[in-house]
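You will see two complexes here that share chain A, one where it goes with chain B and one where it goes with chain C.
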Partner chain A sequence: MSGNKPNTTKSIFTHAGVYLSLFLFLLPFLWMLLASFKTQVQILDTSKLFEITANFSNYISVFNKYSFLSFIWNSFIVGVGATVFGLILGLPAAYSIARYKQEGLGLLILVARIVPGISFLIPWFIIFSKLHLIDTYTSLILSHMLVTMPFIIWVMIPFFEGLPHELEESARVDGCSIPSAFVRVMLPISGPGIVTSSILAFIFSWNNFMFSLILAGDNTKTLPIAVFNFISYSEINWGGLMAASVIITAPVLILALFAQKYIIAGLTGGSVKG
Partner chain B sequence: MTNWIDRNIKWVFTMPAVIFVALMMVAPVGYTFWLSFHEWSMSNITPPLWVAFQNYLNLFQDELFINSLKLMFYFTIVAVTVETVLGVGLAILMNQNIVGKGLVKTLFLLPMVATPVAVGLIWVLIYEPNIGIANVFLEKIGLPGQEWLTSQNLVMPSLIFIDVWEWTPMIALIVLAGLVSLPKDPYEAAMIDGANTWQSFTKITLPLLKPTLYSAVLLRMIDALKTFDIIYATTQGGPGTSSQTINIYGYVLGFQYFKIGQASALLMVFFIIVLSISIFTILLRKRAGVNL
Partner chain C sequence: MKSSLVGLKKAAGYLAIVVGISSALVGCSGESATSSDSKSADKTEKKVQEIRVVAANHPWTESIKKELPAFEKETGIKVKIDSYFEDQLTQKTSVEFASNSKGIDVVMFRPLQDGKMYNKSGYFAEMSSYVGSEKGYTDDFIPSSLGSVKDGEKFYGLPLVTETEVLYYRKDLLEKAGLEVPKTLEDLEAAAKKLNDPAKGVSGFVSRGKRAAAVTQFSSYLYDFGGDFMKDGKSTITSPEAIEAFNYYGKMLNKYGPKGTLNMSWPEAMAVFTQGHAAFYTDASSLFTNATDPAKSQVADKVGFAPFPAGPEGIKPYNITSWALGIGANSEKKDAAWKFIKWVESKEMVLKLQTEGNPGARISVWNSPEGTAKFPKDLAEAIAANGKAEAVPYDRPVLINVGAARDVIGDVILAGIEGKDVKAAAEKADKEFQKILDSEK
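Take a look at the complex of A and B:
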């Protein structure tokens, strides 16, 4: 190819286009990171927009003054809880829907993904208040499960469809019941699918704002609510806000790197391979 | 016992999930439906009062509701259109031999997985009239700074811009996956017939890409109609009600004014709109010969 003029020029333009777009899409993250290391005075001075500083005071105050450690813990507990219970309910359902072609149920799960979350927010609030479950992990996990479980089922149906069911049959010939064949034979070979759907389900729970806005309280406040509360102060502490944003997005970005191969497949329910 | 389980395995395996969805989703939507015929302020002393269709009648005379419907459609149509056009363009660029393509694809995932509330707040700083990079940039190139999120005219375009930033990469990556799997033969045939790049794009690429584009647009549309986090975190529907989409208005009615009946009626209408648009598009897609 070398020496082929038009192709070289085209290639340079393509590379410039791709990397310039990438830079523009990453700019807000870069901006967040830079601002998180600046003092309020430095942020207010627009002549030093891209100055790089290494001042950790925002991070220290986010942990000390705003007790972010407890919010991280709350988000973590709710995310893990919603993912684990989502798997327990979702995996057998996905397997059965895939294996026995229960298309009607598959459709119900799709509808659960389509329905706007806000249409059951008022009843949830009323019912959970009556049961004294507002501001508890229980109500938060239950609500987040409505995000994680349909998602896990949605991702796992095409995955299970791709597995050879001779495996299950040979385990049954050896005397296993279907549930034990499922747990001992089918689940172990589904590792990659389970790991990916769990990572994404956890990210969805971690990112969830609307449900926590209603159901979380002082004891169970999750990170998105804590970060959001930053702008209710009269003068916004921009550095602190950006440090808090870094803290909330960093784990998600790292998890996403692990699941990167499957994110697009996951978001499109396996209909598109990423 | 084991035999019974094995014989009824498809119900044993699915029932827990189905019961969960019934309890957490179907029953609450039913409750919302029931509430939509009542007037109630969530008070323990005064029980819900039956008002028949009054809440729905009020709704269609409520200018804020009509306004919120318009804003929802405006947001969805503009955002999804721009994302699709830019996404296809970006996918075509990325479908060349790019050095470090794997890394580029990974980094493009970041906007869509980052926590939406944090994303919203980063953009609040970017749009900040005095210290935000948006105005600093405008002033550098000699244009006047703008009140992005606090001006009635600019707030919706500014919010749409955030959505475009967040979701264009998703469309691009889905379309790229579609492009990679396209057959090579039609292009070779077209080249022999003397077709130019534009012709082979419109006559071959686009038709072959239709199923992929359908999936991407459908998914994006369903979520765009329901956008909440970004708007609530940045403007909470303001200034005034200039960015109060139906989702935000429902939240405000229910949880700030405690007009439970009125909010429930609005949420039922919203529920029906989102569901019927989605089902309609899925059916269209089925007719176009694409499976879910």
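Take a look at the complex of A and C:
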């Protein structure tokens, strides 16, 4: 019996810690959710902080008055496009960096990610406006690839490094070229890594603000820009803002919960190398 | 022979890839604003022109969008409006202007925050020739509003939306205590002292206390005491008048203010007032609907408005142009842009938009009963009284680097609110402020 006691105290502390951090992390979400169902007066009244109301007018105005569907669509196209093209270029790149130890190249790609994004913006704006690509999905997808591709590459390098060389070699013996060994043998077993990197890459693109601000226009405005429609010079529509935030967060949250087990497998996949 | 054929095949293959990629790019490009702009600019004036207006998320923008079809019908000029939140607007327009893009024909900007920087950087087309070609065009505009958009005698914009600092107060609390509406800063302090009742959750006074945000609303106090931010390129924030103003403002918030004023910009301070937790509040007139709309305010029917109280040097509130319209320097459709500005600034249109709650800059509209119908009666009177007073055309030091200057001056305001040594803080800020001034010479 005596051996049990430290365990119980330990588990009490662990639980307390878990709930405390959950509380701290979830409180803003809770507030966001509650506020999205309230009117302005109710939101600002601190005595009714946790009062639950069911008033859908904020959500209705988000879709009717602010036509959020088109912004969701824009964000979706750009996010998926940037992730897919990021995968097409990033996966072979990551494999080659991992397989042939091209560390210099890897570093160069990382530098592109480290340089503050804003320093690209003026040259990009000039180039894209000369090409008449401002306010198009093309320019947005291309610019968001700067966010997604290096990320995909850097998540995938340790993953590919963790895969045994022998697999590729056996495929070669059986008559595969290097590219086809990559496509037929290595890619199919990299599922968890690819899922992780694409989900996180999609989320980064979904939340990207700066590139969309400069390169998007009225036709391609993405969600993070559109959220600011609720803040104007002399008014902040808190209810609408929170309803829009719920709508923006929900897909990402669902996506992350759904793919949670892949993410953990993917992030730790490369960590134990033989 | 054979090898050259292989080379040719390879080249053809590359070509096919390039064509494929570029057509795919064009395929997803969709409608492009800039491309249609430049195309129509190449053709003659008679063709349908489209101008691009980059504007702020502002009630004015919402109102004008509804009126656009009439303008298109009248002039044949199509207007496309992109609107952004104010800070984004600054970022977006600076990048576009800095890259010499021709995309912006008309720009909505904040004269006091961005005007000087944009003007010095050559982002604006000179507007004096357009304004000058109409005789007596500016006679009907409030002079202090025009002052916000001029560089010497040259116009780089026209005032669109104006605002001034007024006193918001709680009618019911004043009545209960048998107090008159304060006419001077002395009265205001006495009344705030009397109404300050923290036990009941009501503080006497609230206003902005957050570093940079507080500077604009502090400015009227500064002018009231006879001070100013600078004079002839020299900082004057250590003058005895300025110190007195810093002390007064700090004392009001320190003694009679709610908790946490150091973190309050207008949304927070306004929330304290509209939740019924403060008796007096000084801020911009443009925010009034937040206080008078029952959907946003618990004290909507109890709010009164008064002109800014008089200080030792009389009533000297700021009365400024918060938003103005300018023409992009690289625009290829400047004439069309001016036609648009002239149309939105016409007496009829300013009146129409002002009846929807957008305070304009035309004197005749403010003097007409329709022009003030949308405003609470006492607010309209307060704005008119402020306009007649010795109003100051700026609410912050007008510089290129406004943000840094506001931070420096904000520090002194903070010291005042915290009850620290204001003079020492002002002397420290004075040096930094002077550095900013010197760097812009």
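As a working rule, the second predicted complex is superposed on the first by the 237 of 274 C-alpha atoms of A that agree within 3 Å, B and C clash if a C-alpha of one lies under 4 Å from a C-alpha of the other, contacts with A are read in each partner's own complex, and residues count from 1 in each chain.
In this text, contacts are C-beta pairs under 8 Å (C-beta built on N, C-alpha and C of every residue); 3 or more make two chains touch, one makes a residue touch a chain.
Fair warning: this is a prediction, and the values are worked out from it, not measured in the lab.
For the composite obtained by superposing both complexes on chain A, the positions of chain B and chain C are in clash.
Look at A:Ile134: by the touch rule set out above, it reaches chain C but stays clear of chain B. In the superposed pair of complexes, A:Asn229 makes contact with chain C only, with no contact to chain B.
Once the two complexes are laid over each other on the shared chain, residue contacts for A:Phe29 go to chain B alone; chain C is not touched. Looking at the superposition, the partner that touches the larger set of chain A residues, chain B or chain C, turns out to be B. Of the two partner chains placed around the shared chain by superposition, chain B and chain C are both touched by A:Leu44. Within the superposed three-chain model, A:Thr14 lies in touch with chain B and out of touch with chain C [touch as defined at top]. Residue contacts after overlaying the shared chain place A:Ile214 against chain B and chain C alike. By the touch criterion defined above, A:Ala112 reaches chain B but does not reach chain C.
Here chain C runs into chain B after the superposition, and of 2-10, 92-100 or 218-226 the stretch doing so is 92-100. Common to the chain B and chain C contact sets on chain A are residues 44, 46, 121-122, 125-126, 213-214, 228, 231. Residue ranges of chain A in contact with chain B, taken from their complex: 10-11, 14-15, 17-19, 21-22, 25-29, 31-32, 35, 43-44, 46, 49, 88-90, 92-93, 95-97, 99-100, 102, 105, 108-127, 142-143, 145-146, 149-150, 153, 177-179, 182, 203, 206-207, 209-210, 213-214, 223-224, 227-228, 230-231, 238, 241-242, 244-245, 248-249, 252-253, 255-257, 260, 263-264, 267-269, 271-274. By the touch criterion stated above, chain B contacts chain A in their complex at residues 2, 5-6, 9-10, 12-14, 16-18, 20-21, 24-25, 27-29, 31-32, 35, 42, 90, 93-94, 96-99, 104-119, 121-126, 130-131, 133, 136, 165, 168-170, 173-174, 177-178, 181, 212, 215-216, 219, 222, 225-226, 228-229, 232-233, 247, 250-251, 254-255, 260, 263-264, 267-268, 270-271, 274-275, 278, 282, 291-292. Of all the residues in chain A, the ones that touch chain C in their complex are 39-41, 44-46, 121-122, 125-126, 129, 132-138, 141, 213-214, 217-220, 225, 228-229, 231-236.
Chain C makes touch with chain A in their complex at residues 25, 28-35, 38, 56-59, 80, 82, 84-86, 88, 91-92, 95-96, 98-101, 103, 267, 271, 274-275, 284, 286-287, 289-290, 294-298, 322-323.
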